[in-house]
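Look at the two complexes coming up: chain A is in both, with chain B in one and chain C in the other.
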Partner chain A sequence: MSVSYLFLEIAVVLSGLGLLLVDLWTPAEHKRGLGYMAAGAAALILAFSFSKIVDPGVSVAAFGGSFTQDALALFFKRFFLLAAVLILLMEVEFSDRITAGITEYYALTLFALAGMMVAASVNDFALLFVSLELMAVTFYVLTSFQRTRLGSLEAGVKYLILGAVSSAILVYGIALIYGSAGTMNFTKIADKAELLKESKIAVFGFLLVLVGLGFKVAVVPMQIWAPDVYQGAPTPTSAFLAVGSKAAGFALLLRVLHGAAPELLLSWERLLMILSGLTILYGSLCAIPQRNLKRLLGYSSIANAGYLFLGISAGTVAGVSAILYYLAGYLFAVVAAFFVICIVSKANDSEDISEFAGLSKHSPFLASVLALSMVSLAGVPPMAGFFGKFLLLKSAAEQAVSYPGYYVLLGVAIIGVVISLYYYFEVVRAIYWSPGSQDRRVIILSKPAKLALWTCAAGMVLVGVFPNLVARATDAAAAALKF
Partner chain B sequence: MMLQHIAWIVLFAPLAAAALIALATRRDDRLSAQISIAASAVAFAGSLILFLAFDRFELAWSWLNVGPLKVDLGFKFDALSGLMLLVVTGVGTAIHVYSFGYMQGDRSFARFFASMSLFMFSMLGIVVSNNLAQMFVFWELVGVSSYLLIGFWYERPAAADASKKAFIANRVGDFGFLLGILMVWGLLGTVRFDELEARLRTDPGAMGAAATVAGLLLFCGAVGKSAQFPLHVWLPDAMEGPTPVSALIHAATMVAAGVFMLCRVFFLLNVPDSSALPVIAWIGGGTGLLAALIAVQQDDIKRILAYSTLSQLGMMVMAVGLGGPGPAMYHLVTHAFFKALLFLGAGSVIHAMHHEQDIWKMGRLSQRLPVTCKTFLIGALALCGVPPFSGFYSKDAILAQGFEHNTWLFLLAVFTAWLTTFYMSRLVIVAFFGGPKSSGAEEAHESPGIMTSPLIFLAVPSVVAGIAGIPGRLSTQFGAAAEGAHGPAGFAALFEPFSHSPLPAFLGLLVFMLGVAAACSFYWGAKEDPLPSKLGWFARAMKDRFYFDEIYSALVRLTQETIATAAAWFDRWILSGLMVRGAHGTTELVGRALRLAQTGNLQTYALLLAFGVAWMLFYALVAR
Partner chain C sequence: MMRAGLEHYLVVSFLLFSLGLLGVVARRNLLVVYMSLELMLNAANLALVAMSRFNGNLDGQVLVFFIITVAAAEVAVGLALIVALYRRRQSAHVEDLASLKL
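So, the complex of A and B:
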């Protein structure tokens, strides 16, 4: 029965709606706690995703072929659910900075989550657009949710306008593809690939789709919005953008490139490589002079999109598997970083790196989690980030045999890694070796926050220390695609 | 067999003790010492059980498995390691007990015992290794733990320097050892002793012409650990450590590791293509003579013993080089007993003399320290090779080996034996007899029972080890041919040397008597050393250790200064200036420039986005 494959998404949407209902009977002072309910619901759904009902064990096409439930889709859905649980816990910590409508904030997070989860299963351009817009529109709201803060509103407007431009380009592309192929379904389009490859209209359309999706993952030249939005948005939203939205973009990219246009992937190899290299360099170089930690993470997320593009341009099972592995490690590191920012910046609403000076003195736990996260993002063994980067570089290096241009790209990637060491360790240095101001209060962590931070720390370490466990899952997920 | 698993207790008890002391009981001196002593005693008891119950067995636990390299953490028990286990744990336990008295009142009492236990663990690890890689790991651990022990009184500059010197000299040798291991692995494809041996038995020429190089590289490890020429310089300086450490490390265990290793890999050295053995024999013999000459003119009681140790180790290495690992191991075992006894005796003297080590300030200690004196005499007689003391039999085995294989080395060894008797007699006469030469010597008191009882304990094997049938046990390892002389145990062994190979035996006795006579004529009743006036510059050179330290330090300074100056220039101008600052400056500049694109202006952003998309389309559709 088709609908059973949609149970997870339905459950998420119902939780969001239920949350809004419960809000009506909840006194204002307890509304903050509803976030725990939302997180609990997401956690339950995450547990449920392992049941036989939603996991058919094989690739299944549902709803007339527009929806795929396979290992890759489930990998991404679990990824998004886990991210949402952690982010919802972060939102509870953040709730006192949201003046009104905290429950809506939680609920919108769940709706965005539903959009991402659908995106993971997309096999049809119509569904692609719907899922993308479900995400995008909720994120416009989430970004500008601190209505009293100018920065948040500015970020929201920028994201809205640039996002609308990119959506328009995307729709235009979809229209062109539909015009030349006569169908929206990926599988059917792929059947006509030989024909479409010759048609400049169709290639033009696919390029525009690439632009639209590239905007989501913030790859050069569609990266321009990311630093401003990451900096201005409420911290949990930035985190969700960095993890969820980016991963959803990659899920869609993989679906489109491998599902609908596998032929094009070969002829675009060079374009994708150039985008990857430029993105890595842009993100890494611009991050150097940054003083605002959230903005720095914005640039870092651009650079990371570049690394992930290595796997896209390689276009092999190893490449896709490396993307998934990298995302798994990236999830914990980024959520951990934003979580610590969220907690530390509570007192004086500033995310400047100097705020974190001497953090190790008064909050050693937060300091070590943030340091771990930076070290993992920098790709230092044995953290998760190291193995992810290693696998991505390896997948690209394997292609270098057939196309030497990859050596240049590898060189660029390694230069990017070296530069990133510099700015990530700048943060670590501030935490441990810069003298901080003396009048710091000791930060008291709530139990759920502690749990989330421990989860992130454990995740970063375990994904790196036991690469086989994760690689087995990512290999299986990657194998679900066509190559 | 469950009983075999005692092996792991033997190996790990000292490590557990070291960890326990370091982590938990550090503040409680008494308890820490008891834990350490107990661990050592447990290891000794375990070794004894294994020795009585088994002839040979092997336990292995796979530790590292990378491609073709397979390394076990193994426990190889056979005649060789069984004997060595007994020596290490037996002598070690005696020294542990002794230390309890000797180190009384030291500030870092617990640290001392933790280091001792760590050392014991490392040493046992070498002994039981079933492969070269494991041996190397423990080899280095011994280096580290000896560094800790020699530099135990690190606040004294001399001790700190000595520990550094020992470690560095050892590292030099270890580097060669590591290369040798890699070479053996490369040539034969395994590092396990039994596989190596099987491989060479079926195909003795498997290593080809490289056998000599590989053998000599492996020997480098022994040169470092057993302090052979030219790396012998560290051992005398290492006497800066507490005396029990000198007894443990520089008599019975660490320095013996080199000889032990040579015996362990003897089958690698003794292949038809290899000419490593003669080199080993000459280096050993040369070291033996050199060190004996130096010992003649030393005044510090511990330094005399240190050079004596060097000399005896040289004899053992020579025996290996002459194709006789059996005699080498035999002498190693007996030497471990009587040299540890001598060191502990020296420690007792030093203790009684309030840390005075100059023998010319002692005199007539035989009356003040009766137990120490008697046991020290036993040790000295054993060292000089007087029947029925153990040293006679083992030394005779080496002499017989030389007599059968190389006349020149045989004569060299006999001369060394004469020197040995001479300097030991000098030491005994000056320190224990004659008139008291200082007020300290008149007021010396016998050490407490906790220190004298280990002396007595060690005196027993120093006497009887020669007739305990050690060669018989060893011949199961090396075969009667390589083992040389001396089969039987008990009463029959007492006169065996004289019937087996009479010339070396009688020569040995003769040089002993000549040595004692010469020493008596020079030193009986002497107030100062008459030799310098008789021998002139040569005595001076002996006293100054033939200037090895001076030559080395000049050499090191010269090369080091040159390299350091060049490296500093390279670092300052090329690395730091051009590469680091240059790359950093460029990157930073580019970063700042790129940042200008990020104006924060929405219209600019939209424009940039549009340009970017246009470029992408152009590139993908037109330019390609």
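So, the complex of A and C:
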């Protein structure tokens, strides 16, 4: 039955609604703990995603072909659920900085999660729009949730204006594609690919859709919002934007490019390569002078979008598999970094790198997790980030035989990696070798926070040390697409 | 008398879309910026309805309903943000959104 493939999304939405209902009978001093309930529910749904009811084992089209459940969709859904569990635990640590409505904050996180999970299965432009907007509108609220802090409000307004412009462009693109293809279904559009390639209106439409989705993943020239929003938003929201929203954008890009426009993907190779190179350079160069760690991670997330675009422009099974592998390592590294920022910045509400000076003296565990995450993001072996970057570069290098322009792109990517070593190790230097102020209180970690940090640390190391385990899953997921 | 064809609708919708984009870029008041955003979305709606009519199926019109709903949700969030911002800054101008910088 079709609806059984939607069980995961329905369960996520119902737990969000249930949370709001439970909130009515919960005394104010216990509301903080509802976050553990939400994280538990997401963890249960993650376990349920391995059952036969939702995982058919083959590629299935449901709801009139607008929804696909295949290995790729399930890979992304598990990815989003795992990210949400860790981020909900982070939100509990953050809860004392949210003046009112902490339960709504948890519930909105679950609703955004539902949007991302639907996005993983999209096979129709109408569903693409709805899932994207479910994500976007909840993120506008989540970004500006600290409504007494000016930075948070400003980030919210900027994200809303730029986000709405990009969704208007996306919708206009959908209208043009629909006008020339006569349908919104990806499979049916792909059947008419030969015809559409000749139609300038359809090609222009796909270009506008690329702009709309490029905004989500923060690729140049649609990256302007990322640093401001990452810096201003509440820390758990920045983390969810960096991991969830970006991965959902890539899921949609893969679905559109491979599902609806396989012909265009080939003719756009050069465009995608230029975007990738520019994004890597912009993110890496602008990150150098940053002093605010969240803003630095905003620029780092732009650079990472550039690396992930390497896999998109390669357009092969190896490229897509490398994207998924890279995202798996990126999830643990980014969540770990934001988790430590969230805990350390509790005392004086500042995320300046100087706040982290001498962190290794008074809380060695937090210091080592943050250092591990920086090392993984920089791509030092044997961490997850190294193998991710290696696989992405390898997938691009394989294409260089047929198109030498890839050598230039590979050069740019390697320059980007070298620059990124500098700014990531600046953070590590501050943690270990800068004298910090002496009057620091010892930071006491709660048990769930410790669990989440250990999970991230283990994830970063294991994904890097045992690449075969993860690569088997990502290869199977990537094979679900058409090439 | 000339009948309006698909291209007429598309030209009007393109003009509306460009006007909206121009408004978002050029206007300084947040309320006017939101109005321009609505104009952009409605330009897309017009294009979708026209395409739907000339394609002879209703998929486009269904999407228009979703877009109208989403636009309403977006504006609800946006106006709430303006109110919260006005309480802090006594202003709803784009120039006053400059605290997040390098």
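The definition used in the following text is that the second predicted complex is superposed on the first by the 483 of 483 C-alpha atoms of A that agree within 3 Å, B and C clash if a C-alpha of one lies under 4 Å from a C-alpha of the other, contacts with A are read in each partner's own complex, and residues count from 1 in each chain.
Keep in mind that, in the parts below, a contact is a pair of C-beta atoms (placed from the backbone, for glycine too) under 8 Å apart; a residue touches a chain by one contact, two chains touch by 3 or more.
Please read all numbers here as calculations on a predicted model, not as lab measurements.
By the touch criterion defined above, A:G64 reaches neither chain B nor chain C.
Once the two complexes are overlaid on the shared chain, A:F129 sits against chain C while remaining clear of chain B. Residue contacts after overlaying the shared chain place A:G179 against chain C, while chain B stays out of touching range. Applying the stated contact rule after C-alpha superposition, one finds that A:V165 touches each of chain B and chain C.
In the superposed model, A:D228 lies in contact with both chain B and chain C.
In the superposition on chain A, contact is made by A:S144 with chain C only, not with chain B. When the two complexes are overlaid on their common chain A, residue A:A155 makes contact with chain C while staying clear of chain B.
In the superposition on chain A, A:P364 makes contact with neither chain B nor chain C. Overlap of the chain B and chain C contact sets on chain A: residues 157-158, 161, 165, 169, 227-228, 289.
Considering their complex, residues 157-158, 161-162, 165-166, 169, 200, 203-204, 207-208, 210-211, 215, 220-222, 224-225, 227-228, 267-268, 270-271, 274-275, 282, 285-289, 419, 422 of chain A touch chain B.
Within the complex, the chain C residues that touch chain A are 6, 10, 13, 17, 20-21, 24, 30, 33-34, 37, 40-41, 43-44, 47-48, 50-52, 54-55, 57, 59-60, 62-63, 66-67, 70, 73-74, 77-78, 81-82, 84-85, 88-89, 97, 99-100, 102.
Listed in rising order, the residues of chain B touching chain A in the complex are 587-588, 590-592, 594-595, 597-598, 600, 602, 605-606, 608-613, 615-617, 619-621, 624. Chain A contributes residues 125-126, 129-130, 133, 137, 140-141, 144, 147-148, 150-151, 153-158, 160-161, 164-165, 167-169, 171-172, 174-176, 178-179, 182-184, 227-228, 231-232, 289-290, 295 to its touches with chain C in the complex.
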